[in-house]
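A short worksheet on the structure shown next.
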Amino acid sequence: MDELSRLLNEVAAGALTPAEAETRLRTMAGAGYAEMGHTKLDLDRRRRRGVAEAVFAAGKTPQQVLEIAARLDAAGQNVLCTRVTQETADFVRAARPDFEHHALARILMKRNERPASPPGGTVAVVAAGTSDLPVAEEAALSADLMGSPVERVYDVGVAGIHRLFGAADDLLQRARVIVVVAGMEGALPSVVAGLVRAPVIAVPTSVGYGASFGGIAALLGMLNSCSGGIAVVNIDNGFGAGLMAHLINAVEDRG
Amino acid sequence: MDELSRLLNEVAAGALTPAEAETRLRTMAGAGYAEMGHTKLDLDRRRRRGVAEAVFAAGKTPQQVLEIAARLDAAGQNVLCTRVTQETADFVRAARPDFEHHALARILMKRNERPASPPGGTVAVVAAGTSDLPVAEEAALSADLMGSPVERVYDVGVAGIHRLFGAADDLLQRARVIVVVAGMEGALPSVVAGLVRAPVIAVPTSVGYGASFGGIAALLGMLNSCSGGIAVVNIDNGFGAGLMAHLINAVEDRG
Amino acid sequence: MDELSRLLNEVAAGALTPAEAETRLRTMAGAGYAEMGHTKLDLDRRRRRGVAEAVFAAGKTPQQVLEIAARLDAAGQNVLCTRVTQETADFVRAARPDFEHHALARILMKRNERPASPPGGTVAVVAAGTSDLPVAEEAALSADLMGSPVERVYDVGVAGIHRLFGAADDLLQRARVIVVVAGMEGALPSVVAGLVRAPVIAVPTSVGYGASFGGIAALLGMLNSCSGGIAVVNIDNGFGAGLMAHLINAVEDRG
Amino acid sequence: MDELSRLLNEVAAGALTPAEAETRLRTMAGAGYAEMGHTKLDLDRRRRRGVAEAVFAAGKTPQQVLEIAARLDAAGQNVLCTRVTQETADFVRAARPDFEHHALARILMKRNERPASPPGGTVAVVAAGTSDLPVAEEAALSADLMGSPVERVYDVGVAGIHRLFGAADDLLQRARVIVVVAGMEGALPSVVAGLVRAPVIAVPTSVGYGASFGGIAALLGMLNSCSGGIAVVNIDNGFGAGLMAHLINAVEDRG
Amino acid sequence: MDELSRLLNEVAAGALTPAEAETRLRTMAGAGYAEMGHTKLDLDRRRRRGVAEAVFAAGKTPQQVLEIAARLDAAGQNVLCTRVTQETADFVRAARPDFEHHALARILMKRNERPASPPGGTVAVVAAGTSDLPVAEEAALSADLMGSPVERVYDVGVAGIHRLFGAADDLLQRARVIVVVAGMEGALPSVVAGLVRAPVIAVPTSVGYGASFGGIAALLGMLNSCSGGIAVVNIDNGFGAGLMAHLINAVEDRG
Amino acid sequence: MDELSRLLNEVAAGALTPAEAETRLRTMAGAGYAEMGHTKLDLDRRRRRGVAEAVFAAGKTPQQVLEIAARLDAAGQNVLCTRVTQETADFVRAARPDFEHHALARILMKRNERPASPPGGTVAVVAAGTSDLPVAEEAALSADLMGSPVERVYDVGVAGIHRLFGAADDLLQRARVIVVVAGMEGALPSVVAGLVRAPVIAVPTSVGYGASFGGIAALLGMLNSCSGGIAVVNIDNGFGAGLMAHLINAVEDRG
Amino acid sequence: MDELSRLLNEVAAGALTPAEAETRLRTMAGAGYAEMGHTKLDLDRRRRRGVAEAVFAAGKTPQQVLEIAARLDAAGQNVLCTRVTQETADFVRAARPDFEHHALARILMKRNERPASPPGGTVAVVAAGTSDLPVAEEAALSADLMGSPVERVYDVGVAGIHRLFGAADDLLQRARVIVVVAGMEGALPSVVAGLVRAPVIAVPTSVGYGASFGGIAALLGMLNSCSGGIAVVNIDNGFGAGLMAHLINAVEDRG
Amino acid sequence: MDELSRLLNEVAAGALTPAEAETRLRTMAGAGYAEMGHTKLDLDRRRRRGVAEAVFAAGKTPQQVLEIAARLDAAGQNVLCTRVTQETADFVRAARPDFEHHALARILMKRNERPASPPGGTVAVVAAGTSDLPVAEEAALSADLMGSPVERVYDVGVAGIHRLFGAADDLLQRARVIVVVAGMEGALPSVVAGLVRAPVIAVPTSVGYGASFGGIAALLGMLNSCSGGIAVVNIDNGFGAGLMAHLINAVEDRG
C-alpha cells in the first residue's frame, strides 16, 4: 500500500509529526477502491485475493453494470459480470462490443490478463441434469476466466449412475478439484466424493419441485453427506464454486 | 358383519319394524373392536387390512401394553408391540414369558398365525450404516411376523458404494420389494432404485447431526429422488416400512 | 449387456489381451445411453427398471423435448413427457402429430409397446377434490401407459366422506394398489388406508392456501398417518405415484 | 368498577376538583388485581370474561402456585391450576388438602362457585388415541369446572373410523360444542366436522414422532381442514379448548 | 335419507331379500350428492351441518363455478362462492345476473333461504387495518348469508388502541361471537379477548412483509395468545371464520 | 384530551350526573382519530409518540393514499408515505404537486413542521451494498423528516472492509445512533458495533439469493451478533429503523 | 492506543526505519487484549464501546469463568458474568466472595467503577409474566451495573392490560428507554410502543409451549409490530437489551 | 484390483468360460472392505481417497468402536475416531493404551503412517470464540493426523476484530488453506475471506442460543457470505473441515 509507505517516510523525514500521522492512519481511506457514487469498486481485491472483483448484476441497472464493468476494464483487470439478463447484456454490448455474452450462463465477461504461472491442474465441472447447466456453466466459465483449465461432464445423475462411470471415470481421477452441480435430492456429490481423491465443491441448484423447496433439499443432502471431502456453496452459486475451485487449484502458488 | 345380517333378517321376519331398524342402523356400534377403557382395540383390522393391529408402546404404561398384547393374543391374532423400552419389556415378560423381546429393534412379539398362502416373494431390507440398524430391524421383524420372507444387507452407504454392489446385487435383482433405510443425506434409495425393478420403500432415519435436523435432510432427499419408483414413510418408521413392504409382497392375493 | 459378452468372448478368443480388457472394462461407457449433447438419454432404463425413462419437460426447451421424445420413439420405447406446457405441446405436435397431448395432466405421450404379461390387478386412483385432478390424471395416465389397468374415483374428500363410501367401496376392496391424491390437510389417505388391504401410495398436492404452505401440510399429514400401509411421494408428483403403483402391480412377475 | 363511581360522585359532591379527578383517572390503578410481588393476580377477570383466571403452573415454584391458588380461593373464585407436576401437587396439597389433584390431566383445582344459569348444552370431548388423554382430560375438567356438562369419547382415531361411528354418533349429533383432540396427522377433526352441526374446537397434540415435529403436522392438518366449522387452539392446549368450548356453550346468556 | 327408508320398507314388504338389501346397503351411493363429472356436489351438507356447501372458486374454471352455483340454486339452497376473480364474476353474471358480486370480498352469492329460527345474537367482525378488509368482508358476508346479524368495526389495530375502545366497546360487550382479523403481529385478538366474555375467532391475514412470512407471524401470535378464549382459523380464511362464528351463534338451537 | 376535561367540568358543574359521565367515559370515542370510512387516522399519535402517523401505502389504493395524506397535511402534521409505487406517486402528485416523491426510497412526503428543539446528534446510515440503497434511503429520509440530522455511508460491505474504515471511521465515532443496512449474511452490523459506542439499529434486507431466504439469513445473523449493542427491525423495514434512530436521537428531551 | 504512539515517536526519532515500522504496523498485535490461552480478553472494549466486556458463562468451565472475571477485576473494570449456573457461582464465590450472585438473573457481578457523568434518564424494564422474570432481571441488573437508573414493572401482560395502565402509566411516560420482555405471542411491546415516546427494546423469551417454538412466535410478533419505535434483540437476551438500553440512555454524552 | 486381473487372466487361459466370468463379474464382491457383521469396514478408502476411513463413534457401542479401530490398526492404516465419549474412550484405552485420547476434541487416534510426500503448505485453523474450541480442535487434529502441518488462532471473533489482525495476519497470508470455525452469527469467515488468497473452509457451530437455532444462523451466514472463496461444511463438522482442508493442501500431488 503505497500511501502507507509514503506516510511513514514523511514521518521519518520530519515532514509529518507522529501525532499528525496517527490521526491520518486512523482515518486513512483512499487506497484500494474507486468511489463511483453508487458503488465503491474494490480494485484492491485482485491484490488481496488473487482474482478481480466480480460484478453481481442482479439488482443493478444496465447503466450501473456498464459503468462498473468499464471501470474494471480500464484498470486492466478481468471483467466478470454474473446473473446478467438479456436486456442488460444487450445494453452493455451496444456500448462495448468487446465484452462476450454467454446467455446460458448469464455471464458477460472480458479477459484482460492471465495468471503469470497458471495452475497446473484441471477443474472438473460435473452436472447431474440438463436443467443444472446454467449453474454449471457459470462455474465453468468463472474458473476458466480466472485461469484454471476446465473440463465438463453433464447429465450424469444417480438415476442412471452408469453414465457417470462410463463418461467420466478417467477425468474424475485426474482432476485436481471437482465441482459437482445437482438439484433435487443432491446425491451426486456424495457418490462422486466416495470415489475420488480430489476435494469436491458441491453446488445445490433450485432445480426440482414440491418438497425440494427451491434447493433446500439438495443443500441439506450435500451438507449431510456421509462421504467427506465435500464442502458446499450457496444454492445456484455457480460463480462461488468456480472461484473456490480456482483458489484450490492455485494453492501451490503459496505453498 | 353378522350383526347387519341378523338385523336385516329380523326386518324380513317382521320382528323389527323398518323404523326401528333404521334407528339401529344409524347408531349401531358393537362389532369390530374391544372396549378396554383406555383403548378401543381394533380387532376387526385383521379382516379389513390382512394384518392385525400393532401396538405402538411409546406413551403407554407397561400395564397398558401388557393388557392390550394379552387381549390380541387371546383373540388368536399376532402380537407386535413397537418402541418397547427395556423396562416395559421386562414388565410384560415377567407376566408373559411366551412373548419374544428383540432389544435392538425395540420389539415385543408373539406369532399366533401365518398367512394361509404366504407371499411368494422376498422383502430385502437394506441399511446404509450401522446406526440405522434399530430401524432396519424393526422393518425386518415386522414384515417377517406378517408372513413375508426377509433378507438383510447392512452398512452399504454411498461413501463406499462398492460394498453395495459386492454384497447385494443378486438380492436386489431378485427381491420383490426393497426397503432402504438411511440417515444423513439419505442418498442410498436413489442409487438402489436406479438399478432395480422392484418398488423401493425408503425410510429416513434420525441418524446424523447438525443440519440433518433429526432426519429432515434424509426425508427431503428421499422425497426428491430423481430415480422414481420410490415412496417414503415417516422418519424412523421401520414398522410402517415393514407393513408397506408386506402389503406389496402380498398384492397378488387380490389380483 | 451385449457389449460385455462380446468383450469377454474376445478375451477368450485371444483377440483382446486381459490387460486391454481390464482397461476397457474400467472405462467402458458406450452401452446403455444415447449421448445427445444436452442429454445422456438412459435407454438402458427399460431393461433395468422394466419401464422406459420418462421426460420431465419442465426446464427443457421445446426443441429439446422433441429431440428426446423422438429418440425414445426411434428406440421403440414408450414415450412419456410430463409437465408439458401448451407451448411445448404445440411445438412438438407440429412435428410429430402421432404424439397424444393430455392438457389437464400436462402429458405428451406415445405408446409403442405393452408388457408381455400385463399385470393382473387394477390401480385405483382416488382424488379428494376437483383441483387435484391434474395430479391425479398424471398418475393415472402414467400407470396406464406402463401397462396397468386404471380406474378413477374423483372428488371424494373427507368433508363429505359418504361420497367415498358410496362411489368407491367396491373398487377400493378390489384394487391391487390405490393411489390417493389430496391437498389441504391430506387426510384422505388415512381414511382410505384404514379400510382396505391394498397398499396406498399417497400424493400430496399443492392445492390449498395460507398455512398449507404449498403442500407441506398435506405432505406432513400423510407421513404421520396413524393408519399404516401408506407411503408417500413428492408434492404434486403424479408421475412418481403412477410409476410406483405400476411397479407394485407388476411385482408378481418377479416372485 | 366501584372506584370509578366513587370518584365521579366525589367530583359531583365537590370533594374533588375536576383537575384532581383527571389526574387520578389517568393514573388510576388499584381496582381489578391483587399485587402479590411476583404476580399481579387478575381478580377482575371473572367479571370481564365470565370465568376466573387460571394458573399456568409451568415455570412457577410450588410456593408461588400455592400462594396464587390460595389467593383465588380466598376471593371465593374457582381455582384451576394447569400443568402441575407431581412435586408441586404434593407441596400444595400438604398445605391445602381441600384442593383436588387430577394426575393424568396435571390439574389441581377447587370448585367454589357454579354459574347462576348453567349452560343448557353439552360439551363433547373426543380424543383420537390413548396418548392424547392427558390433553383431552385437561380440556374436559376445565370445561366442567367452569360449569359446562361434559361427555367423553376416547380412542376413536381414523385408522379404525368405525369406532367413532359406533360409540359416538348420538353424542356428536346432540352436543352443542365438540372438542376434538388428536396428534400425528390430526385428521379426526376434519372427519367429525364433516358430519355434525356443532362448532368443532380442534386441539393438536405433540403425540407422534419423526415428521410430526412435536405437533406441527397435526396443527397444520387442522388449520387446513377442508371441512369448515373448525377452529384451532395451540398444540397441547387442553385448557384453552375447554375454556373456548365453555364460552361457546354459554353464549346464549348474552343473546 | 329417503332411499334408506324405502329400502327398509321393501325388505319389510318382502320385495327385497335381506341378502339383496345387504349388498345394496354396502354399495349404496346415490343419496346425498349430485354427480357433476368434475364435482360431486354435497347437497346433503345443509342437512348435516345446517349450512349449504360453499364453492371455493380458486382453481376452478368460470364454467365450473357457474355450473356448480346454478346446481346449488336449483336445489333451493343458498349460493356462496368465495375467492372469485373479476373474470369469473363477469362470466357467471353474464349468464346469471341474479347473483350478487362483492368485489372487495371476492364473493359471488345468492340468498335463497333464511334459518327458520334466526340466531338471537350478533356476530362482531373486527379488523386491525385497512388492508385486512377483504378477509374481514369475506367473514362478514358469509355469516350474514347464513343468517347471523353482523356488525363491523374496522382499522382499530393496537398501534392506536384507543380507536378500539372508542369505537367498539359497547359492541364488544354485546356481541355473542367476535371475529378478529389481523395481519402483521396479530396482537389484536389477544387484546380483545382480554376484555370480553364472548368467544373470539381469530383470523390471521397475509398482510405484512419481511418476517411476517405471509401470515405465519400473525398465525403464531394468535395460537400463542396469553388471553384464552381464542381459537384460530387458517391464514386469510374469512369464510371459515364466518362459518364458525355462525355455528357458534346458532348453538342454542341444539341445546 | 380536551373532551375529558370538559366532561369532568360538566360533572363538577352539575350539568352531568356521575352516572351519565360514567357511561360516556366508558364509551367515549371521538378524541384522537379521524374517521375516514376505510381508515381511522391516528391524529393523536404525534402527541403520544412525538412523530406523526406514517402511511404504509402498500395495499392501499392511490385514492386512499391521497385522502389520508391530504388529511394529515390539513392537520398541519408531517406527511410520510412509504412503499409508494410509481403509479400511486403519479396519481397523488397530479392532485398535490406540493408533495415530494423520492423514487429510489419509494417515499412520498411533505414537511410541515420541525421539532421545537431539534436533536443535537447525528444519525449515521450505513449500507453494505448498492442493492441495499432503497432500504437505506427509506431510513435516511424518514429520520430526516422527523428532524434528525442524517449522514450516509454506502457500499462498505465486509468483503472489502477497508472501504468502511477508510470512508467512515470519523462518522462512526461521532454519530449518536447508527443504522446499518445489509442483506446476504448481514455481518456488517456486528463489525460496526464492535468498533463504536453508539447504539446500532440493524436492518436486514431481502437482498441475496438461494439460502438467503428473502432476508432470513441476514435477520438471524443480526439477532445472533456476538457484538452486543445491536437491536434489529423487520426485514427491509427502513422506515422502522429511521423512526427508532430518531427516537433514540431525541431521548434527551425526556431525560 | 499507546503502542501506536510509541511506534510513531520512534520513527520520528529515527530509532525505527519506516520499513521496520510498516512491518510492525501490519503485524502488530499486543495492544487491546489480554492473551489468556483459552481466551483473548478484550480489555480495550471499555474504551471503544463505553462498557467493559461481559462474560457469557454458558459453555465455559467454572475455572475459566473465575480466571476471566478475576482478570477483568484486576484491570479495574466492572465484572458482569451472565448465564451463570449455581455450580459455577458457588465455585467462583468460594474464591472470590466479593462477587455478588443474583440467582434468578443467573448473574455474577462486581462493580468497580461508575460513569463519570451518569445518564440523566431512567430505563424502564417491563415484563409480561412471572416466568419472564429471569430475562427481565438480567436486563435490569446489566443496565444498572453499567450506570443507568432502572425501574421495573412486572406481570402486566395483555390478557389483563388494565394492570399495565394502572401500575405503570407514569413510569412509561417518564422513562427515557423502555425494555419490554414477553414470551408467548409477544404482544406487549406493540401495546406499550403505541402509547409512549421512548424507544422500546423488545426481548422475546422462550416462555410458552406448543407453537411458541421456543420463542419464535414472540420474536416474529415483535419484528412485525405495527406500532413502530421498536427494535428487537435475540430470544432470552436480557443482557443485550440492558446494554442497548444503557447505550441509548447515554447517547447525549456524544451529542 | 487383483481379483479382476486374475479373473481376466483365467479367461484368457481358458480356465474360465466367458459366461462364468460374466456371472462372477456381475456379482463379485470381496475386494475393498472387511465384513465385520455390524460393519463393512471400507479398507479400500485409503487407496481411493488418499486417507483412511474415519470412525464416527456416536451411536456405536464402546465394543464396536474398539473392534473397528483395532481392525484399522491391524491393516496398518491411521486410526481416527470422532465424537468419542469419555466412557468409550476409557473402555477402548483399557484394551488399547496405544491409542491417544484428546478429550476436548472428543477424538481417539493412532498414527500408523505419514504421506510419502507431505503437503508443502500449512492449514490454519481459526476459531471465533472459546466455546468453538472442541470443533476447531477436531478439525486441527484430523488434518494433522492426515499429514498436514496445522497452526491455530483462537478467540478472534468480530466483536473485537483487532484481535484477529493482531494475532494472525501473517499466518492468514501464509496459510495454504484456512479453516474458520464460528457460531452465533458466523461472520468471521466473511471477514477473513475478504482479506486473503487462500480458500476458506467455514464450519458453523451450534454455539449460541435463542434464534441461533443450533447453528442454523451461522450456517446461513456462511452460505450467504458476500466475500466469495468460502465453502461450508455441516454444523459442528470439525472432522469434515479438517479432511477437506487436507485434501486441498495435498492437491498438487495430482497436478
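For reference, chains read A, B, C, D, E, F, G and H in written order, and residue numbers begin at 1 within each chain.
The definition used in the following text is that a contact is a pair of C-beta atoms (placed from the backbone, for glycine too) under 8 Å apart; a residue touches a chain by one contact, two chains touch by 3 or more.
This structure is a prediction, so every number in the text was calculated from the model and none was measured.
Listed by label, the chains touching chain A and chain F alike are G, H. For A-B, the equivalent interface among the listed pairs A-F, E-G or B-C is E-G, as over half of the contact pairs agree by residue number. Set side by side, the interfaces E-G and D-G show unequal numbers of C-beta pairs in contact, with more at E-G.
Farthest chain from chain B, judged by C-alpha centroids: F.
If you average the Cα atoms of chain E and of chain F, the two centres end up 38 Å apart.
One inter-chain figure worth recording: chain F and chain G are separated by 25 Å, centre to centre, where each centre is the mean of the chain's CA atoms.
Contact of a single residue of chain E with at least two other chains is seen at positions 159-160, 194-195, 210-212, 216, 219, 223-224, 228, 234-235. Here, these are the chain pairs in contact: A-B, A-C, A-F, A-G, A-H, B-C, B-D, B-E, B-H, C-D, C-E, C-H, D-E, D-F, D-G, E-F, E-G, F-G, F-H, G-H. Only residues 48-50, 54, 119-121, 174-177, 194-199, 201, 219, 223-224, 228-235, 239-241, 243-244, 247-249, 251-252, 254-255 of chain C touch chain B when the two sit together in their complex.
The part of chain E that touches chain G in the complex is made up of residues 128-129, 157-161, 184-187, 190-191, 193-195, 208, 210-213, 216-218, 220-228. Those residues of chain G lying in contact with chain D across their complex are 130-131, 133, 154-156, 159-160, 162-163, 165-167, 169-170, 207, 209-212.
Chain A contributes residues 4-5, 8-9, 11-12, 14, 17-19, 21-22, 25 to its touches with chain G in the complex. Against chain B, in their complex, chain H makes its touches with residues 26-33, 38-40, 42, 44-45, 53, 58-60, 64, 204, 206, 215-216, 219, 234-237.
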